[in-house]
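What follows is a pair of complexes built around chain A, which joins chain B in one and chain C in the other.
What follows is the complex of A and B.
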C-alpha cells in the first residue's frame, strides 16, 4: 500500500487521538466489566478503589507526564479535597459532635457529594494556582523537592488545624460513596480531560518544554506558564480525586494522604508509563490486579490440590518485584513512551482520505533589519563576544563565519536572549530585543535554530512543527495548514508521524528549520544548519534556503563552518575571531581579507604565505 | 496469563472457604506489614491461639465453633475498608480491627449498618468508640493510662511536669495531654511543653529548652515510641539532665529496656504484668509451649482476652445476633480476662481495666510498681 498523503495527516492525527482516548476508556471499562461480572461483589469493591486510583493517578500524570517532573505533592491536593468535601457533606448533627470548634463559615452545609464537588475543584484550583506560582518556575529535581515540601507543609497544617481536621486524630463521619457507577464515571471523565488536555495547545506546549526548555522558549512558549497550567489542572483534578478517596474511606487522618499513598500512586504511574494517559490507567489496573491476586493467596489456600501456607507480606514483595521488573525490562513503563492506541501513521488509518489544504506561502516580509550594536559578553573574565555590531536585513542571507570559539553561537544567544548581554543592543526597529523576556523575542519575528539539535524528542516530526505554529498564535486549523506547508517545503512528508528522536540526522536538521519557519519569522538565525550533512544533503539544503529566502523575503543569518555553503548563499559575510568582528563584506572581499586568513590559518603561516607570494 | 492464573486461584479459594452455617464467623483485620504490624502481629497471634483453644473445647461456651477470616491490610486504610467489606460479604458476625483508631473507625462506619460488633486489637485513642454503640476498645485507653500514671506521679511528690508530645499521631499527642490534665486536676503544674516530629533524629533543641526553662520541671512525660524515645532519652541524659522521665505503655518493650543506663528508673504504664502464678504467667507458658515463641509484650495476651470478651458477650446475649452481642458486650461488668478483668458497663465502650505502672531497673528488667483502675473523678474526657 502506498504511503498516505501528507495532507491527510491532520485528519489521521485527529482520528488517532480520538482512538487513543477510546483505547484508554475501553481498557478501564473492560477491566471494570471483568471485575464486576467475573468476581461479583468482591470484584465490584476492587473496581471502586481502582476507579478512584485511576482518577488520582491520571491527575498526577497530567502534571508529571506532560512536564516530565515527578510530583510527590499531589497528596497535598488529595488532603485538601478529602477534608473539604468531608466537611461540606457531613451530617450537621454529627458535625457538631465530631467538629465542635469548626469555624462557622465552614459548618452546617450538609451538601450531597455531587454538589460539593464544584467547590472542591475550585478550592483545589485556588491552592494549585497559589502554589504553582512558585513551583511552576522550577524544573527537574528542584521542582520535585518543592512538591515534596508542599506535601509536608499541607500535612503539617492538616495536623495542626485541629478545629477543622481533628488534627492527627481520625476524621470520621464522612458520607461513604460505595456506588461503582459514580466513581467509574468520575474515572472516565478524568481520563477524557487528561486526554483532551494532553493533545491540546497547552498540553503540547508543556510537553515541548519538557523535552527542551530552551527550544520551546524561542518558539515563544513561556515555560513557567505552560507548567503552571499543567499543575493547576492536575491539582484541581487531584483535589476532586482526594475527595472521592475520602468518601470511599469514610474515616481518615492526615497520615492517610501522606508518603505511603503518594509513593503507591507514583509507582502505579511509573509501572504503567508516566508519559501517557493510557500508561496511568494501565499502571493502576496492573498494580490493582497484582495486589488483589497475591492478597488472596496470603492467607493460605488450596490450589489444584496443593495447600499453600499462610505467607503475609506477599503483596509488598510482589509490588517490589513488579517495579524492579518494569524498570529492568521496560524503563518507560508497560505502555512505553507512546500513548496507548494507534498513531497517525497506523495502517488502520491509511484509508482516511480527507485532506487539509496546506497554507499558502506567507506574505513576503517587508523591509526591516535586525541591528546588533556593540554586543558584548564575558564568561568569568573571558570575552566571548566583544563589542560586535552588524546588521541582518530582510531579503538576503548574511553569513557569519569564524573559527571554533570565535563567539558566533554566543552572539546568536545574546540576540535571542538565551544569554543576557553585558553591553550593547539588538534592535528590530525601535525595539531592543535584549530587554525582552526570552519567549518574547519571537513576537518581534526573530526565530532561530540551534547548533546542537534541539527537537522535542517525545513528539512526532509533525507535532514538532505543529507546536511552533500553535505557539505563533495560529488557530488549530491554520496551524495544521502551516505545518503541512513547512513539512512539504523540507521534504519531510514520509517521516511526519515518526518521533523526532527516531529520525535520521539530516531529517532532524531540516525539521528544526521547518519548525522555525512555521512561525513565519522575518529574521531567521541558523546556527550551523549543515553541520554533519553530506555534500548532497548540504546542496539540497542550500537550494531550499535560497528558495525560501527569495520567496518569503526573509533575512537569514547563516552560521556555518562549510565556507563553500556560506559563500554560495550569502550576499554579505561577517567574520568573527576571538569574540570580535574582524571583517565584513561581500564573500569575495572577505576571502581576500588578511585578517580572515589569519583567523583561519594563523598569523605566522599568513606571513609565510605572503612571503612566498 | 499469570494474572489469569492468580485470579483463578483467588476465585477457587473464595469458593473453597464458603461458610458453614453453624460457625460463628469472626473477621480479623491484621496488618502484617507497615506501621501497625508490630501491634497487629502479636495481637493476632494471641487471639488465634485462644480461639484455637476455645475451638478445641467445642467452640464459644463449648457450643459455637469459631471460624476466622483473616486478611492483611498492609496498614493501608483503603485496603482496610476493602477487606472489612469482603469479610462482611463472607458472613463475618464480629470484626476485630487493627490496633489504631483510623482503620477501626473506618471499619466501624461500615459495620454500623448491621450493628456488627467491632473491636480494635489495641487502639487506645478514646475517641474511637464515638462512632457508634457497636464499637469497642479492648486495651486500657490513653486517658486511663494517663490518669493512673498522673496519680502515681503526684503520690511520689512530683510537682511540675514538662510534656514532650508529637502532633503527628493521636497517641503521641493525646497521652501527654491527658496526663497534663489529670496531673493538674491533682494539684500538679504543667510548666512547659515541647513538640517533636515522628522519626525526628535530633532532640537536642528540646533538651536545651527544658534545660533553660525558667521553672525547671521535676518530671518529664512523653508518649514517644521507638525510635524517638531512645533518641530523646539519650539526648536528655547526654546533656546531664537526670530529671525523672515517665511514659506510655509503648515503652514496655525489650528494646527500650535494653537501652542501658539512660533508661534506668524510667517509669511507664502497661496493660498487665505476668505475676508469678497468675493467669497471665500461665498464658505465657501455654503459648510458648504451643508455638515456641515467648510473648514479650502485652499485645499477645490482650489478643487472647478479646477472644474471651467475645465469648462472654455471646454468653450474655444468649445469641449470636450482631446487635444483641453489641448490647451484651456493652453491659459486661467485671468480665474475666487474663491480662486483667474488664468492665464495659457505664463506659463509652473503652473498657475500664487495671493499668499497671512499671519501672525499668538498673539491670534492664521490668519492675512492678502498682496496679489500679483509673479514678473516674480525674479521668480526662476524650
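What follows is the complex of A and C.
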C-alpha cells in the first residue's frame, strides 16, 4: 500500500484530532457506565466524584500539559470557585445565620447552581488574568513555585476572611448536587474544551513555547502571552470545577482545597500523562480505582490471617508510591507523550482522500535590505562583536564566514534580538530591529534558523511548520496550504506525521529552514544550515536554497564553515574574525585576501601560502 | 529605637533559618536540578531526632548533635533510595517525586510518632534573655544568629577553598562536563545532599529551641517560605538563596510588627504577594544564576 499523499495530510490531521477527542470522551463514558451498572449506588457515588476530578484535572492539564509547567496553584482557583458559588447559591435564610457578617454586595442572591456558573467562571478568569500577569512570565521550576505561592496566598486569605468564608471552620449550607448526569456533562464539556484548545492556534503556540522558547519567540510568538492564555482558560475552568466540587461536598473548609487535594490531582495528571487530555482522563480513572481499593484497607483489615493495623493516610502513601513508580518506569505517564487515539499517519486514516491544494509560491519580495551598522556586544569584557557593519539585500545570498568564535552567531542573535546590542543598529527601511521586542522582529519579515537545532520536539514535523504559518498570521486554511508548500519544497513528505524528536538529522536541518520559510520572510538568516551534513546532502540543500532564493527573491544571510558551499551560493561574502569584520567582497576577492587566510590559518603560515601563489 | 533593634534581631534570626533552608535547596537544585519538596521533612526528622534522644535521656547538647545527624542521615537516605535512580529525569518529574516523598514521610511521622506536637523541654536558662545598653535581647535569637552566620561562613569557606567545594561549584554550572573530567558524580551529589541535610538539621535545632515542640508539619511550612526565597533570589543561585531568605524573613518580621491588627491575619498573603510582584520586575530573581546557554 502506498504512503498517502502529503496533500491529504490536513484532512487526515483534522480527522485524527476529531477521533482523539472522541477517544477521550469514550473512555470517560465507558468507565462511568461500568461504575453505574457494575457497582450500583456505590459505583454511582464514585462516578460523581470521578467526573468532578476529571473536570478539575483536565483544567489543570490545559495549563500544565500545554506549557510544560506543573502548577500547584489550581487549588487556589478551586477555593475561589467553591466559596463564591456557595455564597451565590445559598438560601437567604441559611446565609443570614451561617454568614451574619457577609458584605451586602455578596449577600442574598440565592441563584441556582447553573445560574451561578457564569459568574464563577468570570471571577476565575479575573483571578487568572491578575495572577497570570506575573506567573506567565516565569518558566520551569520558578513558575511552579510561584503557583505554590498563589495557593498559599489564597488559602491564607480564605482562612483569614472570616466574614466571607467562616475562616477555618466548616462552611456549610451549600446546596448539594449529587446528580451524576450534571457532573458527567460538565466533565464531557471540559474534555471537549481542552481538546479544542490544545489543537487550536493558541494551544499550538503554548506547546511551541514549551518545547523551545527561543525558537517560538523568533516565529513571533510572545511566550508570556501564550502562557497567559493557557493560564487564564485553565484558571477559569478550574474555578468552575472547584464550584462543582463544593456543591458535591455541601460543607467544606479551606483545607479541603489545600495541598492534599492539589497533590492528588497532580498525581492523577502525571500518572495518566501530563501532555495530553486523554492522559488526564485516564490518570483520573486509574487513580480513582486505586484510591477506592486502598481506602478499604485504611481502617485496618485482615489479609490471609494477618491483621493490618489502622493506618491513617494510607491513600496518600499509595498515591506517593504510584507516582514514584510512574516516574521510574514510565515518565511520560500511562498514555505517553501523544494524545490518546490515532495520529494523522494512522493506518485507519490512509483512505482519507480529500486533498488540500498547496499554496502558490509567495509573491517575490521587492527591493529592500537589512543594514547592520556598528553592531557591538561585550560578554564580560570579551568583545564578541565589535562595530560590525554590512548589508543583506533581497534577491541574493550573502555569505558570512569566519573561524569558530569569530562572533557570527552572536551577530545574528543581535539582529534578531536574542541578545541586546551594546551599540549599533540593524535597520530594515526606517525601522531599527534592535528596539523591537524579540517576538516583533518577524513582523519586519526577518526570519532565522539556529546553529544547534531548535525544533518543537513534542510536535510533528507537519505541526512544526504549521505553527510557523499560523504565527505569521495566516488563517487556518491558508496555514495548512503554506505548510504543504514548504514541506514539499524540502522533500519532507514522508516524515510529516513523525515527531520532530524522532527525525533523522538531515531532515531536522531541512525542517528548520522550511519552518522559517513558512513565515514568508523577506530576509532569512541561516546559521550553519549545512553543519553535520554529508557532501550529497549539502549539494541538495544548496540546490534548494538557490531555487527558493531565485523564485521568491528573498535575501539570505548564509553562515557556514563549508566554504565550498558558501562560495557556490554567495554573491558577496563577509568575513569576521575576533568580533570584527576583516573583509567583504565577491568570493574570488575574499579568497585572495591575506587577512582572511590569516584569520583561518594563522599569521605564520600566511607568508608561506602567499609565497606559493 | 529598642523596638527597632529587637525587630532587627528577630528579622536576622528568622531570615537566617530561611536562608539556611533556601541554601540547602539551592545547592541540591544547582547540581541535580531537583527542587526538593521533601527538604522540610529533613528538618522535621531532625526535630524528632532531638525529641527522641532527649526522651532516652541524652543531655541537651548531645541531643542537638543527634538531631543534626538525623537530618543528615535522612538526606543521604533520600538521595540513595529515591533520587539516585532518577538522575537525569526532567525538573518536573524530580519535583513531583520529591513531593511524593514528602507526603509519604509526613504520613510515616503521623503514624510512627504522633500526629500531634510533641514537647521538647530544653534547660530553662536557654530561654532566658540578657541586657545590653538597657535593651532586652533573647538568648535563643542571639544564638541562632551566631549559629546561622557561623554555618554560612563555614560553608562559604568549604565551597571556595576546598577541592570538593570547587567541584560542587563547577557541578552547579556544568555537571556533565565535570563528570567527563573524571570527578565522581555520585560523590558530589551525595555531598550536596549531605550539606543540605546538615543545614536543615541546624535549622531544626534553632526552630525547636524557639518553639519547644515538634510536629509532622514542623519543617513543611518554613520550607515553603524557603522555596519562595530561592525563587526570589534566583533559582539555582547560591548567593541569591541566602539573600532571598533574609529578605523574606525581614518582610515577615516587619509585617508582623507594623501591620495593623485588622490586616495581621493576611500577613502571609501580603508577604508572598510582594515577592511575586518583585518577580514581575525581575523574573530571573535578585541575583540570577549564571547559565551557559547558547543559541
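In this section, the second predicted complex is superposed on the first by the 582 of 613 C-alpha atoms of A that agree within 3 Å, B and C clash if a C-alpha of one lies under 4 Å from a C-alpha of the other, contacts with A are read in each partner's own complex, and residues count from 1 in each chain.
Everything below uses one rule, namely that contacts are C-beta pairs under 8 Å (C-beta built on N, C-alpha and C of every residue); 3 or more make two chains touch, one makes a residue touch a chain.
Please read all numbers here as calculations on a predicted model, not as lab measurements.
Undergrad: Taking the superposition as given, does A:137 touch the first partner, chain B, the second, chain C, both, or neither?
TA: second
Undergrad: Tell me which partner A:159 touches in the superposition: chain B (first), chain C (second), both or neither.
TA: both
Undergrad: With both complexes overlaid on chain A, does A:586 touch chain B (first), chain C (second), both or neither?
TA: neither
Undergrad: Answer with first, second, both or neither: which of chain B and chain C does A:68 touch in the superposed model?
TA: After superposition on chain A, A:68 lies in contact with chain C alone.
Undergrad: For A:327, is the partner it touches chain B (first), chain C (second), both, or none of the two (neither)?
TA: In the superposition, A:327 touches chain C alone.
Undergrad: Which holds for A:534: it touches chain B only (first), chain C only (second), both, or neither?
TA: It touches nothing on chain B or chain C.
Undergrad: In the overlaid three-chain picture, which partner chain does A:316 touch, first (chain B) or second (chain C), both, or neither?
TA: Both: A:316 reaches chain B and chain C.
Undergrad: Quick one: classify A:41 as touching chain B (first), chain C (second), both or neither.
TA: In the superposition, A:41 touches chain B alone.
Undergrad: Which parts of chain A are in contact with chain B and also with chain C?
TA: Looking at chain A, the two contact sets intersect at 159-160, 312-313, 316.
Undergrad: For a test of understanding, state which residues of chain A touch chain C in their complex under the given definition.
TA: Checking each residue of chain A against chain C gives 68-70, 131, 133-135, 137-138, 140-142, 144-146, 148-150, 152-154, 156-157, 159-160, 214, 263, 266-267, 270, 274, 311-314, 316-317, 319-321, 323-324, 327-328, 331, 409, 413, 418, 450-452, 454.
Undergrad: If you look only at chain B, which of its residues touch chain A in the complex?
TA: Residue list for chain B touching chain A: 3, 6-7, 9-14, 16-17, 30, 32-34, 70-72, 74-79, 81-82, 85-86, 89, 101-102, 105-106, 108-110, 125, 127-128, 130-131, 167-170, 173-174.
Undergrad: So in the complex, the part of chain C that touches chain A is made up of which residues?
TA: It comes out as residues 29, 35, 82, 85-86, 89-93, 95-97, 99-101, 103-104, 106-108, 110-111, 115, 224, 227-228, 230-231, 235, 265-269, 272-273, 275-277, 279-280, 283, 285, 294-295.
Undergrad: Can you name the residues of chain A that touch chain B in the complex?
TA: 38-39, 41-42, 45-46, 49, 97-98, 159-160, 167-170, 172-173, 176, 178, 245, 248-253, 255-256, 260, 264, 289-290, 292-299, 301-304, 312-313, 315-316
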